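Dropping the structures in below, format is structure tokens.
What follows is chain A paired twice: with chain B in the first complex and chain C in the second.
Presenting the complex of A and B:
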């Protein structure tokens, strides 16, 4: 018995010793070798193993809501057509009874709507179907389906001397589809700015104007600008592309009938000042861009006031007489009413310098803002009845349409589409995400920098020192679930911390989110799926993409030399998230950076998140390796030829 | 080779002498544009007229666009990636003008320039010699291969000596020809490429001799391709050692000692129907392969037209106006006019209607006959 006990004791000791030895030698070596990290304090099994997207919030079923997107009013004002993008439906409502009469199924996430002159045909952009559907308003059946560019979100119907035209803003392919009739086909595909998002025809139909939401890619040290694109509807060509200086996030555009004006709501951005200057109102404000289509003159007028902001200007309509403009503030739940006569009068007496500097004068708005009308949560798209008496407001996160008397500026009632979804934490979180109620003087919401959860393509200085000059790329929140830690330095272990008290102190300059709304907010963010990739509809890779995949997972260079483990793409960007969620030094430390190692971003949807690297210095995927990887620390790429690099880029765009 | 009767040498034509029927219009006169007229430089590399009527000019000092009789400069200050503009092509579907430079590709769209370089995009190389549009794709001839940009997706493909039969990656020209492309490779002849099925066919000089066309009409006159042109099913190849024509089954070749071709140094060729407009270092030649009209400026600065036709003596005519320079870099032609990019200015050539049989050369009865000064 004693002998057996001794043997067992020796065996146990051996097992413990073996375990300790493995832990001290193999285990440490394994982690060091496989992760490429020298400091193993942050390296655990779960960085590489048992990672699955199936368990992430965004890949699980979620409730769908009757969320209104685009609106269109019939020529007689009797019917309101409402795109319900989350349901894949079009709702048809009687404006007098304020009842939904019918719902038509339509695939591809319907978003933008337009009607022909007689109201016989409804044109629907299907944002995820990459098509435009033509519906018969009599019975809702689909008369035609026309392929467009990627991510069509808005459409305008125009009549020209040579027939009918549809002008479609393709938000993901950064171009415009101009469709001609009989049968509907693509006449032209002119280039637009970045993320064309809204389109409006001129009163005579000869021109269409497209507002682009994101700023153009440029050096982070330059002042950003978005674009207003002018289309000749007859030829289908772009004829003018004007820069909206220091302005972005335009989600609407509208002609003023009595003037040669096109109006565009904008966010005036000053991203290069320290973010601490939010307290002084220096970071962003809402405005109205005025483009004189005859002279080309562009002006920007403020919509905010010195101590009260109306964040996220979105929908915009102008009454038929051109006397008033109505602008929805999606972040502040307000419709701002602008008297265009008073605005024109101020402009007429202002000096050129005063006109040029007007956007910076937040004492100016009372000169022409005649009302601020409260709405339900997140008013976005607007429509006016043909005679201009009724304003329809899509209260996106209430699942209803608010009807306002556009003359008396009073509430007429609501068209109920759904229950508002208050039982759904994702819906509640989106309400927090889109609300400016949590920021100092309601200056902005989360959405102001992350439109639809994505990114705005800008870099900001988040250092609390207030000095500036340390810009960091604003990362997309799409597909961010499971990729903690957060921030470029990887110091925030969770979204709760990321969006917590310190964030409130540095950026929001208010009290932090209360616990309940904070939980809802992070639930919403975790529910955001990755951005759409360039992968083909059948999911298969093209030949070039397949070659790029082989390069991504290569363990040897083209010449047969083994690539060190820590310099392989797939070591740091390991599937399925394409990130092991550890910081790495890839040789990109800048003069203002206090660290060499930066968080490894996930690569899901990476093709649509330019610019790249922690400070946004790389304007394209190519530049990461052609300009900013001189020592092969960000993967071994110096031996690649251009064909191989192109293949790698093509593969990355499929993730 | 052409059976031309050049016996007796060239002679100056009298006004009474009937000329040959011409399969192409003659140039009536030239107008010259240079820095004084608003062009950014005197050395003109390329010229094209867009479908909206605007004339685009690429120079060594930037591009210029002519609208309402005035040139407007498009320089690096306006966003052009490099001042030396080598080639131009219009995208007819979008109305965009693409400009190839010595450092990068530029898209001019409604006044806005977007640049593409080898470091920020899939462009194979920054040195761009030629451009072509085929449906929704842009083809770029560069010093390191042929690039293809899919305009709807932004994806790039590269074709070079690594993945095709291309002899070397130095691509000088690319031309869209219906369902296929012809690609001029500096020392590798011409590639015929069918994108739909990925088939490359190589056209090389069978004798492989760069300088001499040892066996005429057996293939391209030389592997050294400086430019190519295609229209109406006929391909023309300009080389620094002569001119070639390919009709889809047979090759014809011309060199200066055996034909009216004014110089073996052929820099550029423009195809219009069965006629080639040929830019050399010794002036402009217009030919259907049989009849030639050669324009040059004499040492005294006088414009001279030489007409050579089979069975006729060569005819010389003095013109009242002249090319600004005999070194022709680029050509654009329609039924009424030609624009010629030369080493010292841009020439606008006004065309007369082609002469018809029985009226040829009769200045009194055919008002369309060029009003040349004659010896």
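Presenting the complex of A and C:
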């Protein structure tokens, strides 16, 4: 017995000794070598090991809701078609009884809707199916399915001299599918701006106008602009591209009958100006872009007020007489009613300078805004009955359609689609995410910079570290769960901290979210899956992508020289998150940066998150290495030829 | 035994609940008003202190219950010789007002207890404290010393805004030589207040203006058009429908009463519109109730010599009906509803107490609104001289900063000192001047669009060149000697 105890004691001592020896001689070296870090204070086993996406919130099942997206009203005004993207359904509601009569199943996340002139066919863009479905409105039968670009979100039906046309905005492939009929086929796919999101045809059907949600890629130190793309529906070609200066997040476009105007709601951004204050629209404000399709003149008019803002302008419709425009404010739960006659009268008497400066005058909107109508949570898409008497409002996070009397500006009732989902913390969190109620004067919501949880492609100068220092690229929130710490300097250990007091102090300029809403908010953010990648439907890699994968995981250069561990792609961007969540100095410190080491972003969905690097200086993945990696500190890439670099980029786009 | 204990505890809980509930119902019927009653005066006596004149000895804070008959009332300012300026907390549970415990003592802020009990002093400010307002976290905002907008402080410190946290010492928010008065919490969390320049023309209070400031003293900003010459703005109060009520009275007049106007939050620099166009200009105060009615204290139109009466005016009505309460023995000077109302938004402070300076950024010293780009004006300003007011009327230059080619400039300047600016051309001639009127708190970053910035303008989206060059720092001169140039 005593002997056994002695043996056990010796064994234990040996074990301890061995552990200490390994720790002393191997453990530190292992961590240093495998992580590429010299300071090991933040390096632990879990940076590299036992990381799994299966346990993350976004990969878990979640409740689905009857969330209304696109709307279309039948020519007789009797029926309202509602896309329920979260259910993969189209709801058909009787506008008189305000009852849902039928629901049709349709795969691929239906989003945008349009009807033909007789109301016989319903055209549905399937955002994740990358197709356009043609439904028979009689029985919901799918008449045709036409492939489009990636992420189609909006469709307009146009009648031309040469037949019918459908113009589809493909939000992920940044192009426009122009479809011709008999049978439906793609006539052309011109390039759009960045993230085309809305389409409207001209009254004669010869032209279509596409509003793009994100700004074009450009130097982060210049004023950005999004694009309004004009399409010749006959030929299927882009014929004009108008820049919306310092304006973005356009989710609607609409022609004004009796005028040569196309209206586009915009968020007027001021990302070039140091954020020393939120007051007076120093971060952003809402506006209405007017494009004169005859003269090409572009104007921007404010929709906000001096001391109150109506965040996230989304849907827009104009009544048949062209007298009034209705704009949904998704962040402020308001429909803004603009008297277009009064706006035109103001423009007529204004000097060119006054018209050009109008968007900066926050006291101007009362000259033409005649009403602000409260709605339920997150009004987005709008539709008007053909004669213009009823305004339909998709209250997205209420699972409702609000019916407003467009003349009297009173509530007629609601079409109930679902229960609102208040029991679901993800839904509650999305309500917090999309609401401007928590920010100073309701100026913006989380969504204002992270549309649909993604990013706006801009860099900002926050003043918490002084004016003019540390211009920072806005990162996507898609797939962000499990990638803590946050911020480019990695100082925020959790989303609770990231979205808490720091956010209130630097951006909201108010008080932090209350604990309950904050928890719901972070739950929602964690539920956001990564952005869609360019991987093929069957999950297999193309030849180029496979070659790129080999480069990504290479341990030797093409010439056979060993790549130092800390300079291999997969050391810092280790699967499955493609980040070890540690800061690295990759030689990108700028003149105004106060640190050399930046947090390693995850690469899931990285193909859709340009611009890149901490300050957004790289406009493409290629530029990371062709322009900003002169010393091979951000991977050894200087010996790569053009094809190898392209292969690497192609692989990254599949993540 | 355990069961008996549970029964006993349960019954005790029920009894306590009934007792508490009954007490609440008994003490605060719906529609209860907190009212200031002032002994009628022959006239508005001149004094160095507004509040001594507005609330002479005998003024009191009372609770009035529907149906508002004259007679016995519940006095909240019991034991005080004078009281005025009541406010109700957003939860409708607490009442604060200013009061004096003796004829010779200073005004201080008191909490009164609607359920009964002697008022408790909440401040002990040298020189007194008046005009309470409440931050959403319960912190008290007030004015000290107790001078008021019409008062003369003849060499003494101008009245300033202070905030006193729930636990902590009072912190000063305003740092100018102007008297400030009448703080009112806005829904967005800013503090709206009235400020007046020092009387330069012998008419105290003339040229008053409305300003806003954050709850930490940052971002002081003009809010609306200043009062016309010869008149003063008093008692700004939030109204429903995005409006603010003010009383505009003649400066130096024998009466604190005037006409009530409303200012639209959407266009605060546009002319105000009369709230009661058909009523005579003998209005002392306006406040709103939870349902949007206005509580108006004014002289009976048919009898200007009558006492101030209380009216309740429904929304949209521009002429008061019969008074809710008229008492020949009291002037009803002001009334607020003892009810819950909207809690203003809070705000985290951006003040860094470890610093003694702040930074200013001007985007374009040559900014002109609606500039005609076809014929741009010659850019005149090439340097800016930064001024500081060390004591009322004593202004010295801190230094000169170069203006970048886009018109922008930045500087690090001492905190909590009124700052002014002089725009200089190539020959160092002053082409524009702004007297010291704004200040920075420690660590504050403050920006403006330009020297000719019209109100309610948002900036162009351009990166100012000034952020790319080192920021010159200006310190307070030692012994009154100004620092030299700090050009870049």
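Just so it is clear, the second predicted complex is superposed on the first by the 635 of 655 C-alpha atoms of A that agree within 3 Å, B and C clash if a C-alpha of one lies under 4 Å from a C-alpha of the other, contacts with A are read in each partner's own complex, and residues count from 1 in each chain.
Everything below uses one rule, namely that a contact is a pair of C-beta atoms (placed from the backbone, for glycine too) under 8 Å apart; a residue touches a chain by one contact, two chains touch by 3 or more.
The structure presented is a predicted model; accordingly, all values stated were derived computationally and were not measured.
Trainee: Identify the partner contact of A:190: answer first if only chain B is touched, second if only chain C is, both if each is, neither if none is.
Mentor: A:190 sits against chain B, while chain C stays out of touch.
Trainee: After superposition on the shared chain, which partner residues are touched by A:505: those of chain B (first), chain C (second), both, or neither?
Mentor: second
Trainee: Check the contacts made with chain A and report whether chain B or chain C touches more of its residues.
Mentor: C
Trainee: Is A:622 touching the first partner chain B, the second partner chain C, both, or neither of them?
Mentor: A:622: touches chain B, not chain C.
Trainee: Once chain A of both complexes is superposed, is A:466 in touch with chain B (first), chain C (second), both, or neither?
Mentor: Once the two structures are laid over each other on A, A:466 reaches chain C alone.
Trainee: By the touch definition at the top of the document, which applies to A:235: first (chain B), second (chain C), both, or neither?
Mentor: After superposition on chain A, A:235 lies in contact with chain B alone.
Trainee: Can you give me the overlap between the chain B contact set and the chain C contact set on chain A?
Mentor: None.
Trainee: In the complex, go through chain A and note every residue touching chain B.
Mentor: 149, 173, 175, 188-191, 227, 229-230, 235, 237-241, 534, 544, 619-620, 622-623, 626-627, 641-643, 645-646, 649-650, 653
Trainee: Hey, which residues of chain B end up touching chain A in the complex?
Mentor: My answer: residues 93-96, 107, 109-112, 114, 118-122, 124-125, 136, 144-145, 151-158, 160, 162-163.
Trainee: For the complex, give me every residue of chain A touching chain C.
Mentor: Touch residues, chain A against chain C: 221-224, 245-246, 268-274, 276-277, 279-282, 285, 305-308, 351-354, 356-357, 359-363, 365-366, 440-441, 461, 463, 466-468, 501, 504-505, 509-512, 592.
Trainee: If you look only at chain C, which of its residues touch chain A in the complex?
Mentor: Spelled out, the residues of chain C in touch with chain A are 136, 186, 188-189, 219, 221, 242, 264-270, 345-348, 350, 359, 361, 363, 369-373, 410, 445-447, 454-464, 466-468, 471.
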